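There are two complexes below, and they share chain A, which is joined by chain B in the first and by chain C in the second.
Let's look at the complex of A and B:
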């Protein structure tokens, strides 16, 4: 019993003696970024105090034996720091500055335009930072409020791993504005994706002969979910007759595309829009 | 005909798979650059292509060489274009602070074991965990005030540019972080 007490006392004395050495520093193992804290020093007289961080360095004169207050502004960057006191010799203490609470989001949503009904076409990556732009490493929960073009809102909750959350989702079947708002703590970051019509579906055209000419017009051009393709989308009409092959590229105007060919003899006319092929017509013209 | 198409398909798939960095670590150890070994076996959500892995490994090694030169000479003009965003801002501040205090830091770089842990699906961001073997000496004028030789860990965010990968964030983390 006495032997144990003696050993413990000796250890305590040794520790105190070591700490009392000139310039000895005692810093907490971890502190939170942006929080002032004291470093204890031992010894007498003045010394030069250095604080070495990953992105910040300070140097000043201190009195040994007194507390050194490290101001909040000196430890805004998270990482490993060295506190060093030098008089006749130098001694140091290492401590870790941990990121503060989440306060900033970097929300990346791709692409900015996406065709409807496209599986896993939308990628969302969120990086979580504290108010000093340090990556928040401890897991934090974020909410994603997804507002679809036809109104309803869904909420998705995810947890960060090393300060990052990512997910993929498919586009919905209705074209329009898809808004996703990423939120963590009091911070929110909205992003918008435009869902646009996909490829044309059931593309059909009608022909009307007028002498040597044939007038062609498509039905309203829509994708398979019924979304009208935007004006300006190119539709190609191709005619093959005695005069050879000829193609007219024309933009959609008010949901439809139209063209006119001069026909020599019997002709076959086809229509296509992007990867979608429409119906083919046979028309007889004047030779 | 079907058989030919099947063989072409198989050959193409095999070729594409070979292009992925799945088989083993990539290494850069040019005479002038610090040794960087990139492990990308467990990266998500997207695999790293061979060429991308080579670029990342080279540019990260180059970035460390630049970092060490800058903080040793306290010169911002030695800083190449490989640092950007917050990493660049912090490095510029560090050099300004060191110059003001009359301090310089010398690094002996004994290499980096780098693990790619995140590569975004759109290829826009890559997160790395770096276990670095660094010898660090800090001088105030001619006097060495601090010396340490211990493993250090960094969390790195790199983003692609037209012809290189930029270090956007280089954060020192505790030894128990990963």
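Let's look at the complex of A and C:
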């Protein structure tokens, strides 16, 4: 029902537009979204005023020869608008509604976790909108304040192109919280990602005999940049002796992983973390 | 005359009762309850186990091995929420291994219907003659006797909190980064298998599934499958799991290429329990099959109800040539080793150079 009425209204308005005469209405060429403005009319008597916007049509009765105030709520969406006034004949004016000042930023910082020392792994993309969610297409100066895990802050300045700005950067060598605040004018939007340790490097373990058992403990497990691998990371210990092969997948606790094996005869014990291999030990046990 | 009618009625009643007993399998039960031969004794025992007739089953055991009835029932019927408690003995086969005066050994293959499918259990049972009947010398159940102790458990736990924001670019956390580190497509008589390993490269736990799509020469899809339960779905950071994807009925000659896909979700997880895999050896079982045997030990303090063992087998070049999986039907009590065995096909066993075993585990939420 509503769809039929809307179609009919649009057809009517389109027909009026086709018959509209230029000159009786005077509107500015551009206005800013969300700001009311006057349209000057010429003539006498009453007329029907139509405003055709982007997905929005209004109709009301006006007095010709007086200013017609277009309220702010009728021009919140940017785009081309048509004003039409009809009495015995119709006249029209066309104007552009431009986005208002930047008021919102959509800021995507990706990924949310990134291994350290990874070139161009971080992507920051920002879209600029006004308070009515119109994309602000005019160039605007954007600042990105980057706070690195080890403290220093740096700023990157660039200009938006057709409402968007993006850049890539590599992760630094220190793990921790990386914060980037995107700001344009008075608007700012912070995002945080985590720089996490990379694969284990120089993985080493030590063994201590305790009767039939051998206790194994790794040195603090770090990546090649010296960052400790997070607790919970799985470390695999493998022992091969007369009794066969034994394996334990154990999580790192307080930077170290430990395990205990019962040893039968001479044993070879190795350690690995993911695809990183550590040292191998030969241990003599009770046969 | 008046007594003859009563007599006829009594005789007819007895005949009908006897017919009903025969119809209900009374003769068969009587035959199965007999233990005049070693095979009959084992058959009777297994029939009683099948019927959960524990008193009769226990009566078939030789008293010499000092097995308590409670321990016997605990082993056969399962306990502590183990897989065996969700199983029933579906069928069995019996072969004589050797029989001599007063002693015998019978080999039985028990087929259990369980919550995760059919499970085979092959055992050699010793029997002794006791008068006119044979008794089964049931191996004494190996119930761990762990001394009372306090085990501090302070492993990590990861929780996922908060609510996903609807705004683009805000409040998102990426899915864990996982990587397929090896993939090998092999053709078996019953179809194509995709074997390999996958690693959680991230610093957070992942719930992952691996799927494969067989592509025809024209690039269209021939079939798609995922690893179902032949994978450890929950992987902690840097943990590696084998996976196997089965394509029954397909041939490699029909496949141009294979597209692999590993999908991961961020999930809450715990680093506890740690399960060690001890004393792994490749050996031959009673039926002459190559198997990887070993034992798994729950090093934590809580009971693991159901455990699944997954093994990746490598050739000399480090290529994954087989992935096997098997469930353990006993619960893993803390610090108590439980044996496991994984089948290896004979043609693969000769090429196996090394292997890697991981354990999937399920623990019922504690009250």
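Quick note on the criterion: the second predicted complex is superposed on the first by the 256 of 287 C-alpha atoms of A that agree within 3 Å, B and C clash if a C-alpha of one lies under 4 Å from a C-alpha of the other, contacts with A are read in each partner's own complex, and residues count from 1 in each chain.
By our rule, contacts are C-beta pairs under 8 Å (C-beta built on N, C-alpha and C of every residue); 3 or more make two chains touch, one makes a residue touch a chain.
These numbers were taken from a predicted model, which means no experiment stands behind them.
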Touching A:177, do we find chain B (first), chain C (second), both, or neither?
neither
Which partner does A:141 reach: the first (chain B), the second (chain C), both, or neither?
neither
In the superposed arrangement, which partner chain does A:162 touch: chain B (first), chain C (second), both, or neither?
first
Determine, under the contact definition given at the top, whether A:204 touches first (chain B), second (chain C), both, or neither.
neither
Touching A:57 in the superposition: chain B (first), chain C (second), both, neither?
first
Pick one for A:110: touches chain B only (first), chain C only (second), both, or neither.
both
Just chain B (first), just chain C (second), both, or neither: which does A:125 touch?
both
Which of chain B and chain C A:212 touches, first, second, both or neither:
neither
On chain A, the residue positions that both chain B and chain C contact, one per complex:
108, 110-111, 125
Footprint of chain C on chain A - complex, ascending:
106-113, 125, 189, 191, 194, 196-197, 199-200, 229-236, 243-251, 253, 259, 261-262, 273-275
Could you pull out which chain A residues touch chain B in their complex?
30, 48, 50, 52-59, 77-80, 82, 84, 86, 90, 92, 96, 98, 108, 110-111, 123, 125, 127, 133-135, 137, 161-164, 166, 168
Within the complex, which stretch of chain B touches chain A?
45, 86, 90-91, 93-94, 97-98, 101-103, 105, 117-118, 120-122, 124-125, 127, 129, 138, 140, 143, 145-146, 148, 152, 155, 157, 169-174, 177-178
Which of the residues in chain C end up touching chain A in this complex?
154-156, 158, 167-170, 172-174, 177, 181, 199, 201-205, 236-240, 271, 274-281, 294, 299, 355-358
